[in-house]
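Structures are listed in the sections that come next.
Two complexes follow with subunit A in common, the first pairing it with subunit B and the second with subunit C.
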Partner chain A sequence: MAKITENTRTEVREIVLAFFAEECEADKSQIKDNTSIIKDLDGDSLMFLELIEIFKKKYNLDIELKTIGKYAVKHPVETIGQLIEMQMLIIELENRLLELEK
Partner chain B sequence: MAGKVVITGMGIVSSLGYDLETFWRNLEAGKSGVKKISLFDASTCATRIAAEVPQDFEEFSRTLVKKRAAGQMTRVTRMCVVAAKQAVALSGLDFEKEDKSRCAVIMGVVNTGNSSVEKDTSPQNTVFKSMTNSMPAWISLEYQLLGPNFAINTACASSAYAIATGMQMIKNNMVDIVIAGGADSIINPEEINGFNALYALSVANDPPEAASRPFTASRDGFVIGEGAGVLILESEEHAMKRNALVHCELAGYALTSEGYNIMAPMKDGTGMAATIEKAIENAGIAKSEVGYINAHGTSTELNDRYETMAIKRVFGEQAYLIPVSSSKSMIGHTIGAAGAIEGIITILSLKNNTLTPTINYSDPDPELDLDYVPNVSRNKTIEVALSNSFGFGGHNATLVFRKYPGN
Partner chain C sequence: MAENTISFVFPAFISDYRDDPSREVPVFHEVFQEYLSKAAGLAGSELLAFHPESNPLLQNELLNQYISYIYGCSCAGILLNSGIKPVMTAGYSMGIYASLYSTGSISFETGLLFIQKAYEAIRSTVPGDHYGMCGVIGLSEKDIREIAVHYNLNLAIVNCNSDHSFIIAGDSFHINVFLLKAREEGALHARSLGVSIPYHTNLLTEASKLLAETVSTADVHAPGIPVISVLSQEMITDAEQVRREVVKNICHPFNWLATQLKMFNSGVRIFTECGPSQALRKNSKFIPGGGKFVNWNTLVNTL
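The block that comes next holds the complex of A and B.
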């Protein structure tokens, strides 16, 4: 479990925005929390998986993909803001993510 | 059965250009696209030449394929998507105005291009690059089409099969529009060594441009080419409704198998002849109408001998009056894309009243005595032309194209 600080949040946001700007050839300054990943950026669900891999490596996370999958089914991600929030939860809780459902 | 099927769009990516005008200009000039292999170090291969798509294609493709999607495609798939987008653009189709459930995509796919020469594949993209259905899938996704969408693999006849299948689907009133064609590249060490082991490839490496020599006495095997060809097939009724420019009619086809050998064509070209005969019958034309044959013409010993015998068997004495040329002398053998690329060349020949040559025809095989349009293109008005494709495994296809009135 990683300790979440304000720096972590800033770092995660920066990585997410840079990733979408690069992959979707979008202007990073135009990507906001309410930007739709599919409608506005023409992104795809695979990008979520790729970001998880990036964060798993960066923060040495212990989390199984199926755990994230189970959580994501009940908490679908549509916007950049939602995606950042979910990444923060994944970093913070790792495999305990599903405990939020109890 | 619906009425005529017409061609309203074409797109090309090849060693001689990735737009129709450049491609045609180079063919007409009898240029060769064969060069030393640059995609990998071929110095240890017996064959070290191929007809590669120009390197600046990648830069061009970025104008038509978004970066995100491009990363999930192989280089060959990008060729296919680029050719499809060119074909759609030329057709003037706006799919937002179409019933998308009546629009199909059929691609001839033998190899996805996910070989050792494919670079920068992330683990998440490995599957997408290996899926043999990826080419039609990406095209369908591009336009959000809802009709049938699939790949056909019949080796070197694959994209001819795709075109023929598309024609039949329109004839059967299943769909109005079919995006049909194919793309391929086997320019990688695994395939080259494999084909070299079968003695199928030319090893006349120097000079590269002289290696593909269909119908000559010194021919020593085919030269690998790569690229994509995509056509827009449409019911004539649908094309007329939207006032589309028709490039020609796809008048008929034949698809057969030889049931003979995994590699060699049936002795004396009897299987090939049966295919040509059936295609003529299917098109409802007289043999005397055939003014040109774009041959499979691989530059291999057996194909060129048997294809010549097949043409003589079908046409008799008339065979000597029909010009027959091999585009593979210039662009190499593009395998799964060959049927579509050579179909496009056949259509352009009908439209432009010009027959493209068989280059490197310097030492005729005395036993192969047809008019192979040697070395230089020829002005000739033709009304009907055939395009042959014959694949390993005995997959045969002949397409029949007819000039469209008023065009």
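The block that comes next holds the complex of A and C.
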């Protein structure tokens, strides 16, 4: 289980914003926590998957995609802020993510 | 950019025009309209109503396939006329026809005929509202098979796009049950593809036999550029192989992941998608070591 520091949070936010700015050809400074990934950025599930893969590689995470999928069914991600929070949980809990449900 | 390492790849259907590279290529409109007029004369005047924004014909399976073919042929023609010659080509599913056209194996008219006859053969042998297809992302092949076995679903995995992206076909009720269960089991994305034909399943075996009657007498040549089979990942280099591939393509599963990796391992380093939707380019991000995609307009405009 990784320890989340303020640096981690800053790094995750930076990666998420840079990713969507590039993928969606958006102005990074205009992407806020309440920006809708689908409505405002025209994002899709492949982008979500790509981002997960980026974080899995960067933090050497041990987590199955379906674990994230099961969590996302109960906690749908619509905004950039929600996505960042979910990525933080994934980094912190990895395959124990679903234990939050118990 | 070394031109001898390029592959043209052709999508089956068009899903949207949001990222359409043709907007950056002024000659495209003229070339496309020429092909469109020719196709309308042969396949039906309703094609003339096509417009990428106001009437994209995305919901009609046959017309969508025609438009995708016309787009692919237009795009390949412009690339070839610009001096960009691929070392090989591949067609994703029904993208096979534009792929063959781009290699000189079949004429534009023969490609249209194959699309039309395949559709007629399928419609005469398979009921129109009993079947469907879906895409699922985030589950493994094992997960998918376990869901199908557990709920006794009569479905087939007809394509592997990457380790976590699959296309499934079969009975439409079973598809709907599968979509529900796949989401419950943690699929990040699971949705119907909005088609009523179970392409690439043995349900189309009879249709393939009917299609064979047309293909066996059609004017087919050896491809001037190798075509890679998405069914077997073998190189198709003569006319008889082309005929067999066209017939088999509609009723056999394929493997896009293995196809792209085979192309990469054969020396291809740059892929360009001859279609407006860029679905193959997006999928390629999940094929590690699978090469780089460059938009076809970039290839044309950088020469």
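Observations
Just so it is clear, the second predicted complex is superposed on the first by the 102 of 102 C-alpha atoms of A that agree within 3 Å, B and C clash if a C-alpha of one lies under 4 Å from a C-alpha of the other, contacts with A are read in each partner's own complex, and residues count from 1 in each chain.
The rule we apply is simple: a residue touches a chain if its C-beta (ideal position, glycine included) is under 8 Å from a C-beta of that chain, and two chains touch if they have at least 3 such contacts.
Model, not experiment: these values are computed from the prediction.
Model built by superposing both complexes on subunit A: subunit B and subunit C clash. Contacts of A:Glu14 after superposition on the shared chain: neither subunit B nor subunit C is touched. Of the two partner chains placed by the overlay, only subunit C lies in contact with A:Lys66; subunit B stays clear of it.
In the superposition on chain A, contact of A:Cys24 is made with subunit B only, not with subunit C.
One of subunit B and subunit C touches more residues of subunit A, and that partner is C. Of the two partner chains placed by superposition, A:Asp33 touches none, neither subunit B nor subunit C. Looking at the shared chain after the overlay, A:Glu78 reaches neither subunit B nor subunit C.
In the superposed model, A:Leu46 lies in contact with both subunit B and subunit C. Superposing on chain A, the segment of subunit B with clashing C-alpha atoms against subunit C, chosen from 133-141, 241-249 or 367-375, turns out to be 133-141. Comparing the two interfaces of subunit A, the one with subunit B and the one with subunit C have residues 42, 46, 49-50, 53 in common. Per the touch definition, subunit A reaches subunit B in the complex via residues 23-25, 42-44, 46-47, 49-50, 53. Only residues 42, 45-46, 48-50, 53, 64-70, 72-73 of subunit A touch subunit C when the two sit together in their complex. Put simply, subunit B touches subunit A in their complex at residues 66-68, 71-72, 122, 124. Against subunit A, the residues of subunit C that register as touching in their complex are 18, 137-140, 143, 164, 183-189, 282-283, 285-286.
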